[in-house]
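The letters A, B and C name the chains in turn, as written, and every chain counts its residues from 1.
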Amino acid sequence: MGRLAFDLAHLLAGSLVLLSLLMLYQDRMFSLIRIFAFHAIVLSMSVAWQAFTQGAPHLYITAAIALLFKAFIIPVSLHRIVVRLEVHREIEVVGGVGITMLIGIGLIALSLAVMLPATASADPLAREDLAFALSVVLLGLLMMVTRRNAVTQIIGFMSLENGLILAAAGAKGMPLVVEISVAFSVLIAFIVIGVFLFRIRERFDSVDVGVLEFSRGERQ
Amino acid sequence: MPLALALWYVAGLLVLSVAAIAMRGLPRASAIVYAACGAIAFALLFGAAQRLIAFPDATARLTLPLGLPWIGARFRLDALSCFFLVVINLGAVGACLYAIGYGAHEKEPGRILPFFPAFVAGMNCVVVADDAFTFLVSWEFMSLASWALVLAHHDEAENRRAGFVYIVMASLGATALLLAFGLLAGPSGGYDFATIAATPRPEWLAGLVVVLALVGAGSKAGLAPLHVWLPLAHPAAPSHVSALMSGAMTKVAVYGFIRIVFDLVGPVQLWWSVVMMLLGAGSAVLGVMFAAIERDLKRLLAYSTIENIGVVFTGLGLAMAFKANNIEWAAALAFSAALLHVLNHSLFKSLLFFGAGAVLGATGLRDIEKLGGLIHRMPRSSFAMLGAAMAISALPPLNGFVSEWLLFQAVLVSPALPQWGLKLMTPAVGAALALAAALGAAAFVRMFGIVYLGRPRSPAAIKATETDPWSLAAMFLVLALCLSLGVAPGLVLDAIAPVAHALIGARLPEQSTMAWLTVAPIAEARSSYNGLLVFAFIAISTLTAIEVIHRFGSRAIRRASAWDCGFPNDDPATQYTASSFAQPIRRVFGNIVFSARENVDMPAPGDSRAAHLTVETTDRIWSWIYEPLTGAINRIATSINRLQFLTIRGYLSLVFAALVALLLTVATWR
Amino acid sequence: MALMLDLAAQGAQMSLVLALAPGLLGLTRKIKARLLRRRGPPIVQPYRDLAKLLRKEAVVAENASWLFRSAPYMIFVATWVAASLIPTFATGLIFSWTADLIAITALLGSARFFLALVGMDVGTSFGGIGSSREAMFATLAEPAMIMISFTVALIAGSTQLSSVAEHMLSHLELRVSLGLALFGLIIVALAENARIPVDNPATHLELTMVHEAMILEYSGRHLAVIEMAAALKLLLYVSLAACIFAPWGLAPPGAGPLFWAIGVVAYLFKLLAGGCMLAVFETSIAKMRVFRVPELLGAALMLGFLGVLLLFVSRSL
């Protein structure tokens, strides 16, 4: 594999991590959705590049699925949900942006420190892909933890799933069936969550998940 | 300087402190005592510096028939001791010179004069001690002498509290050191340093010793979270004593730590370095953040000491990390950076405390919210303070920058470390250091801007006058040293090299052979800094610019009232205050660090009452660690208090039970 | 003779930055005006302003101290020395090893130290507000700059800008870390030069102003010198970005005057490009609320740190 191939893969995977961080930083709903769409585009580019360098045509399908669903269908429908729910104002973040970003950076360092020594003998491309993928997953989780709004939690979940796809693309030999089934399960999860969102909204007049705690009697 | 001569000098200091008791009634007693003390300190300084340069690798040992009869008191003089002798006595010479003038303000000189030479003697003894007993006795002597000095103005309740907290923390530290040396000496009881260093010991034991040394020396140096006494004790002591405590005594603690960890305990382990770097970087950031919002001038300086000690410990931690991985040249770089920072900090912190003392003497105020405009009334001391503020803010071409720069160069070697955790952590530590440096600059812009610039905020500040010539001489002497260390750091680095060589096993490349006094710690193509040329560039360009502008432009000046966008107001209360200056910083970092809370008391519309804004900040370390601790101790003490009210039979049975328990222990131990 | 030539090259660099700095400012203003469909002042306007200010008498507030009168020169000289230590048209000039990237950052810190101080000298609330905000920005911008320096230094194996430029020329590669560093450097440069979105260089008397508030009391030659320093600082950041991220055309060490001429032409083109990009960027973005700036600068700090972290993932380190 040439140096350019490696550099480009590195660049794409690194941008994915950067975009995850950017999502943590962003506190406006529409910009967040736009960054998420961009995240998916970069992901599909990264997967497509992997397909090209590994000579694995089935990865092109993964890339296409990611591009179609995550870069277009889901963002557009999220956008519509936000408009219908009228929650496009600024998002409430638990704790400050600064702390969240610091924790995010710490998580990246952690995933590098865990992944790089553990996979020292692996192919360098797969190795750094795994490290980046773990960072994206952790950042997605962090986003789900630190945001109060259910819509942003969905975005966090989806970006987490992007990390999984990145890992799957890096690890050669993942069968196509698994990838397609993962993609569809995510889509179904999205639909289910979307439906629930509207139900929640109907009942509690808000999509702030903090409100749900009232109904469970955890807070008075 | 032979070791015996150094000990004679120390003895001379002790004699002086006894003589000071006798002389305290004399009218010129304080000038005589300080002059004599300064002369002895200068002799020590000169001797130590000469020895460091002329015989860097020689070690002198001496045993005196003092102390415990079967051990005697052992002393030694090697490169490390010599370097710290230089640091201590440089501080002492400056402080004595300053005190010749400043001591005249003292109402009760009898409370200070006997203890001051004793304090200097104690510090000198610590660094030449060669066995655990001598070390600990000198350490305690130093602590007690400085405690007496902290309590010099004991009629204020605040100072009494400072003295109490200080003695508690000092006892804690001494206990930890006592245990550390106990573990080092082991069951065979080899108390002299040579035996300790030669004895092999298991890893866990060495680790325990290092933790104890960190508590013992760290509490004296002011490492977070053991720093709580420092911001209390420094404002309480007279200014020249604060200068010596901050500039020299904290360095003695650094010496103790270096001696135990790099010399006595054996091979360095990796996890020590991680703990050190985290504690150091944490102290640096925490200390400087408190300095950036503090209102009390001397307490601000004390917080900044915590920052600088954090920087030194970070450098030592980095040196340990490299040493544990056998990358000796990088370890030598980090170690030299730490030692250079020790010297630098002792200089500019002394100067800052001298300046604070001058302000205190001229106005009687430490609260910077009441000062202002002193640059007009104290032009000379304000110039020296400006230099010190620049030096401590790590700005070229002064000396603070050089050690900071060397430390960054050491951080940049971190990819050479094989451990992934360390590789990723070291740049983070570097970022923390950079943050601390930048915050330090902000804190000292605020300090200088509020105290010296603007318009006076109180009648006392209006009436301020320039301080006495002795104090000024001391300040300018130290300022000149700050500048020369910034311009020619290579010479000092060469003097430090044997110390690094003795403890690390490697040294920086010879700097004095480089052209134009350049400093290039690794290789010139990799990184170099030339303070002399930067200074020359600045000087020449400034003169050229002024000359050209005055010749071809205009040199006319017209004085008019301030513009202030057309609405000037003469009331000094319209100026920015120290609190308002710190507000953005408090707001950015406030929630995380200070748990700052703003209370706004806004009267209802129509109510003519004044509105009030109060800000509460708390030191979380105090509320999280010390308050529960003191609470627990109080509870235990209350419950034990019942022992005071037993019957005689009760006491007898207690004694009896204790005796039986001891016998049982002895019986089962065998 | 060779020494004389080396000294001449160093002197040429010092004069070059001094001569070009107001031009860059004028160029940016001109393009910005054209983008807003205004005609805008001519590019040489900053030179005329400076010349006029230099000839006028200086009005100094009654309670201004000696620091007030001497600090403008310190600010100017620190910035000038910093700017002339960055390779503009040639690497390896005779004094290029005087200071590395970290030292240049610190020199800018010295300039800022004095700038923030003089804001407080006369004792007006405007000066104080400017100084306090400048200090707050600096506490984040400076570490960000240091982290960016770390990224660059770890890639190039040197903090020396000449070595960095040579390394970048000989090892052309795509790297995430370099991208992050560039991104961070742009943010820091915008903040340090008081450009939109951090501060607005075109206005006076807005409550969010920072740089203009500090120098409100200045007039005549003092103001000219400070304005010159500000122009030099802008030039410095553009040359820094050009030297690290676009080192093409830089004359190698020991090269003759022909290479230097090529270097100067390349440098002029880089400045032109930098000015255009700055103008386009400034017209397409709105100013930020002042307490959002720390978040932006914090992001730059994170970017720099992330750049260092991601270096360890790539192959060659």
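Things to note:
Methods note: a residue touches a chain if its C-beta (ideal position, glycine included) is under 8 Å from a C-beta of that chain, and two chains touch if they have at least 3 such contacts.
Note that the structure is a prediction, hence the values are computed from the model and not measured.
Closest chain to the protein centre (all Cα atoms averaged), using per-chain Cα means: B. The chain pair A-B and the chain pair A-C differ in C-beta contact count, and the higher one is A-C.
A separation of 37 Å divides the Cα centre of subunit A from that of subunit C. Inter-chain spacing, taken between the CA centroids of subunit A and subunit B, is 48 Å. Among the residues of subunit C, those touching two or more other chains are numbered 294, 305, 309, 312. With touch defined as above, residues shared between interfaces to two or more other chains in subunit A number as follows: 98, 109, 112, 116. Subunit B has residues 420, 424, 428, 588 in contact with two or more other chains.
On the side of subunit C, the complex with subunit B involves touching residues 54-63, 65-67, 69, 73-74, 76-78, 80-81, 95, 97-100, 102-103, 106-107, 109-110, 112-113, 116-117, 119-129, 131-133, 135-136, 138-143, 146-147, 150, 153-154, 157-160, 163, 205, 216-217, 220-221, 224-225, 290-291, 294, 301, 304-305, 308-309, 311-312, 317. Across the complex, subunit C is touched by residues 372-373, 375-376, 379, 386, 390, 393-396, 401, 404-405, 408-409, 411-412, 415, 420, 423-424, 427-428, 430-431, 434-435, 437-439, 441-442, 445-446, 448-450, 453-455, 518, 520, 524-530, 533-534, 537-538, 541-542, 545-546, 549, 552-565, 568, 572, 574-576, 580-585, 587-588 of subunit B.
Touching subunit C in their complex are the following residues of subunit A: 3-4, 6-8, 10-11, 13-15, 17-18, 21, 25, 97-98, 101-102, 104-105, 108-109, 112, 116, 124, 128, 131-132.
Per the touch definition, subunit C reaches subunit A in the complex via residues 173-177, 179-180, 294-295, 298-299, 302-303, 305-306, 309-310, 312-315.
For subunit B in complex with subunit A, the touching residues are 420-421, 424-425, 428, 588, 591-592.
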